[in-house]
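Take a look at the structures listed below.
The same chain A turns up in both complexes below, where it pairs with chain B and then with chain C.
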Partner chain A sequence: MAGAGAAPGTAQSARDGRKGRGGRDGRVVTGIGTRSGPWAYSAPAILSLLAWVYVPMVATGVASLLDWNLTTPARFVGLANYRRLLADHDFYRALWQTGSYVIMMLPLATAVPLALAIALWLRPGRASRVYRALLFLPVVLAPAANAVSWQFILNPLQGVTNAVLVGVGLPGPGWLNDPSWAPLVIVAITTGKIVGLNTLLFSASLSAIDLSTIEVARIDGATSWEIVRYVVVPQLVRPVALLGLLCVLLAGQWIFTNVALVTQGGPDGSTDNAFYRIYTYAFTFFDTGTAAAAAVVITGGVAIGYAAVRLVTGRIRRAGAPAAG
Partner chain B sequence: MTNAVRPSEPAAPGRTLIPAPARANPATTAVAAVSGGIKLRSVRKSYGSTLAADLPALDIPAGSFTVLVGPSGCGKSTLLRMIAGLETPEAGQIHIDGRDVTTAGPGERGVAIVFQDFALYPHMTVARNVGFGLTLEAKHDRRNGLSRAEIQRRVGDMCDLLGLGDKLARKPRELSGGERQRVALARALVRRKPVLLLDEPLSNLDAGRRAPARAELIRLHREVAGTFVLVTHDQAEALSLGTRVVVLNAGRLEQVGTPEEIWRRPANLFVARFLGSPAMNILPVSREADSGDQRRLQGWRPADAVAVDAAGPLPARDDPGQVFEGVVDVAEFVGDRRVAHCVNDHGTWSVEFPAATPVTVGQRLRVLVPAESLHQFDAQTGVRL
Partner chain C sequence: MAVASAWHAGVLIVIVALLFPLFWVAVTSLRPANELYSTSPIPWPMSTENYRDALFRFPLRMMLLNTVIMAVGATVLQLAVAIGAAYAVVRFRPRWTGALLLLAGAAVFIPPQALIIPQFLAATHLGWRNSYLGLIVPQLAACGLPILLLREYLAAIPASLIEASIVDGARPAQTLRLVVLPLLRPALAAVSILVFINTWNEYLWPTLIAPQANRTTIQAGLQLLGNQEGPTSGALLAAAMITTLPVLAIYAFASRRITNAFLQSGIK
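Right, the complex of A and B next:
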């Protein structure tokens, strides 16, 4: 359950931190602890969080109220940036496309790696280790090199893909130059990494399953499919939910690198998404205020989305507990 | 002398596993005619160069409570797993109720299993754990399978029988070790298979729970009229549970028999040493009467000896038996008994006597072993003479 452990783990340490501060069970032995409480220990984490997360967040909030191109002095403009942003069709298109990226990537981040992990787990041996390594290989490729390679491979005129397709008499699509193909190519390049990583995470979760439950199921007369369906998959609900949630929240960010390196949002804005849009406002148009406003809107939207997911899954869990009996 | 290793079973405190029923319980009147006879013929299995099983012939009679016992690595679990269909023998046949199941899948052999770690499905409630096999059966065979209501009734009856009636909606993690064991038993028994396989089912229980659970297993076997095959490394557990005991060592059969038989007449040195705590004393004996240089080993159980005064005369008897002398090296106090470990020129030996008898380290000790309590073994082959 390595995958599932991450989120509860942080929650746990937060709880422990509070408990320690209350001093209920805090038998602090070192002098440093008695004099300054938990602050000395948590200072490095708090300072770096302040420097890299909270201060920039506040700065972004402030910048969203300014008219500023990074060079000339900033001017306070109130909510003008938000008004401009919410009237910009490109922004809406970017949001919409971010949603469709998430929808396309959700099965590729959950169902596909789950199926791969289970298939490799059912047939352990040298071959399965080789496959797992091959699946994981894209994860460690440098993103920039990976992206540029794909540009070469998929080049409509000189690329190897179309050379093969035309060679066997099929039409060679424009790939990254074709607005209907380009988003799919971006999803494919991005999920090459996600599938490998998530297969590894699911494999770790699978190794935590008690193998004798599988043997009991076989003696109970279960077929291989029934073992997967009724014994294995239900024990992986938590990591699947976690990785699904991560995909919903982060798919846009996973995609960003490839959009920036391969298509720059094109052709015709077809591969644009919310995070690349912020980048465009900030570093193509040097409109820092609008970029900051977009960041605030998107962060707010993600926060609301996350809260909604937590609410729904929490309700399912509460409703599911007694109903399962 | 068997009393020494058959501790009287204390009444289970609180709820027992099987409340003695006044009427035949519908959940357990499973197999009308006792079935579940298992025959193994020339079964062989090895892992690399390690021999796990090499059994010319082994019969497990229908309706018996057969215990496979031996030190760890003796192949007893492999044997159980081959009967279950979880391992395939390299050679030989396995028959259950006259049917050759050597190549049959684990689900098609008419067996159910309880594992050491209980192997409950962690995401299912007690009721679903117990009913899972029946639900699958119903799914696979819609015509002859049980109805949902019937499954629910059987699961309910079985859980009531095992004292789990109020735990049906619990998940395994919310149960105690003893409760988990009973869920595993209920899950295995509810399918009414002729053979129940038990792989060290008691070793994950607290020491205090083990003795009552032992008695409960014996009672359960009496009630369900099937064949129980249990694996354990604990010789005391084997003697107390089994109607038949199979002693295994290094993949081979050492002895098969009733607990009394293997206790009274161990077939060889391995069985003699394996059973009993403290273990049987084995000392070399050179008898003048023997022709040539043939050497024998003589064995006797520490509890079978009668301590005699070091200086005094031997009690008058028709057959005086054998006298052993030695110096006490270690003296143990074990409640109602004392155990003295002694040394002499031939080796070490132990003797057990009532705790009231004082014994001190360094003391000379003389014991008389009645002739009928002496076991003779061939020093070369280890076989009983």
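Right, the complex of A and C next:
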């Protein structure tokens, strides 16, 4: 918001007032006047956000105080839903698993794409461009189709993965039917997208690197590895930190779609996460009150997390908007 | 030479790992039903029966059409709304600019699951279940991101251009139409691509608001097909490929444009 010096608002409104024949008080006969102008242009956006985001959010807050299954009349129950939620073992497990997903995904979302981006950057050319395009492809693939593919190749009895494993004498795991493997599969599917996106973002940061620093290092006799390690990587600390923090905040969301599509939280709740819990309470158990209470608690957690990130990254914030595909 | 092959090998290993499921499903979808679990990487003997099954036993074409209509509708709607808001804050510099941007920015971070019950009830009360209105209009909840992005692009237009049009007596609508929109065209393309892909891939909302097979989108539809009794796995794989092919085709022609769209919106 470091606006370039423009005409001050007063001069601007004087001009508008003059041209809009309606007089000085800002009422304009033809067109949109200065007073109503900004409102008229932003009203659709403000109303959309109120209608589909902020009013629903308040409604969720109200619903968290009701006992309601969408069919019988709602009954006010105070904080009973929150008490029930905080006594629910499944809710804690979902929270815990949301955290462990983040821990599993963090290196895959930062170190792997960073290495790929640097590798592609070191050898520019047609091969690099093709590779980068192929790495990005999973980002645009529909998750629903992707889920079908993974379920098919990981079929424990007939899938190609286990056929190969058994063929070389290894045991074929149950993958999505096995509580210890299923979360890893979800992480693998989700990371497929994040690797491509983050490689692209790191590549962009690399192209902005100050080439004279590399030239100086080369003149000083640094090897390519030393240049990467001591010149390039230190200049990428900010984008890496930023994408890492975004990963912490958004991993739960990215995971959600794949959990909903591939495992529905199972087997034995091993792939459940916080966001899928809200969905389960609401649309599997039709327990609107508990779902709303969980939504309030989790949104509060996200808000606190976001505020913390803003505090930490006040300076790197300008480098990235929260677009995560 | 050894370094070069190590480089190619390293990158290719990741690419193969990422794209293997797609490759395998593409191959398998071309096998006859009794060869579905063959481990040969070549689909021979080849058969189109899975595709015929998918296209004629499921309302797949209807689902594709629904998805196109939803994605185009949501993109147009979100962009229209976002252009207005971005233009309002850059052209008029109202005192509440910060508040509007906060409203848009916070909306990006609110988990959609926290809003989905009231959204679902509202859309149901409006009679929008299994309708295009129900698929499209609630996507306005996602207009926060395009607002933020377009405002960044708009703010980068030299203020003198907008001022000059004001001095020349252009009304705000004329400034928007004749000065701002032509300059904004590349940005609009980038943001449209982003919104379109996000909406195309949307899964949760269509399953809730349009559960009926011929009224839903391809994403929700694939899940419905998977749960049905009749269809064989082969038809499901073919359906997944049919879902993927338009995306692949667009990506093959416009990969640069698409990656740029993600890049600009992720870095700006």
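The criterion applied here is as follows: the second predicted complex is superposed on the first by the 269 of 325 C-alpha atoms of A that agree within 3 Å, B and C clash if a C-alpha of one lies under 4 Å from a C-alpha of the other, contacts with A are read in each partner's own complex, and residues count from 1 in each chain.
Heads up, the rule we're going with is that contacts are C-beta pairs under 8 Å (C-beta built on N, C-alpha and C of every residue); 3 or more make two chains touch, one makes a residue touch a chain.
These numbers were taken from a predicted model, which means no experiment stands behind them.
*Asks:* Once chain A of both complexes is superposed, is A:87 in touch with chain B (first), chain C (second), both, or neither?
*Replies:* Neither chain B nor chain C is touched by A:87.
*Asks:* May I ask you to decide whether A:215 touches chain B, chain C, both, or neither, giving the answer as first, second, both or neither?
*Replies:* After superposing on A, A:215 lies in contact with chain B but is clear of chain C.
*Asks:* Determine, under the contact definition given at the top, whether A:168 touches first (chain B), second (chain C), both, or neither.
*Replies:* neither
*Asks:* Touch check for A:201: first (chain B), second (chain C), both, or neither?
*Replies:* second
*Asks:* With both complexes superposed on chain A, which partner does A:131 reach: first (chain B), second (chain C), both or neither?
*Replies:* Second partner only.
*Asks:* Tell me which partner A:302 touches in the superposition: chain B (first), chain C (second), both or neither.
*Replies:* The answer is second: A:302 touches chain C but not chain B.
*Asks:* Is it chain B or chain C that touches the larger share of residues in chain A?
*Replies:* The partner with more contacted residues on chain A is C.
*Asks:* Quick check on the superposed pair: does A:139 touch chain B, chain C, both, or neither? Answer first, second, both or neither.
*Replies:* Second partner only, chain C.
*Asks:* Taking the contacts chain A makes with chain B in one complex and with chain C in the other, which residues are shared?
*Replies:* 322, 324-325
*Asks:* Taking the complex as given, what residues does chain C use to touch chain A?
*Replies:* Within the complex, chain C contacts chain A at residues 4, 7-8, 10-12, 14-15, 18-22, 24-25, 28, 36-37, 39, 80-82, 84-85, 87-89, 91-94, 97-98, 100, 103-105, 107-119, 121-122, 137-138, 140-141, 143-145, 147-149, 152, 155, 158-159, 162-163, 166-167, 169, 171-173, 194, 197-198, 200-201, 203-204, 208, 218-220, 222-223, 226, 233, 236-237, 239-241, 243-244, 247-248, 251, 255-256, 258-259, 262-263, 265-268.
*Asks:* Note which residues of chain B are touching chain A in the complex, please.
*Replies:* Within the complex, chain B touches chain A at residues 84-86, 105-108, 111-113, 115, 117, 119-125, 127-128, 132-133, 136-137, 140, 168-169, 187, 191.
*Asks:* Considering the complex alone, what residue numbers of chain A touch chain C?
*Replies:* Residues of chain A touching chain C: 1, 3-7, 9, 12, 15-16, 19, 30-32, 34, 37-46, 48-49, 51-57, 59-60, 63, 70, 112, 116, 119-120, 122-123, 127, 131-150, 152-153, 155, 158-160, 163-164, 167, 192, 195-197, 200-201, 204-205, 249, 252-253, 256-257, 260-261, 275, 278-279, 282-283, 288, 291-292, 295-296, 298-299, 302-303, 306, 319-325.
*Asks:* Taking the complex as given, what residues does chain A use to touch chain B?
*Replies:* Counting only chain A, the residues touching chain B are 210, 212-213, 215-222, 226, 230-231, 234-235, 237, 322, 324-325.
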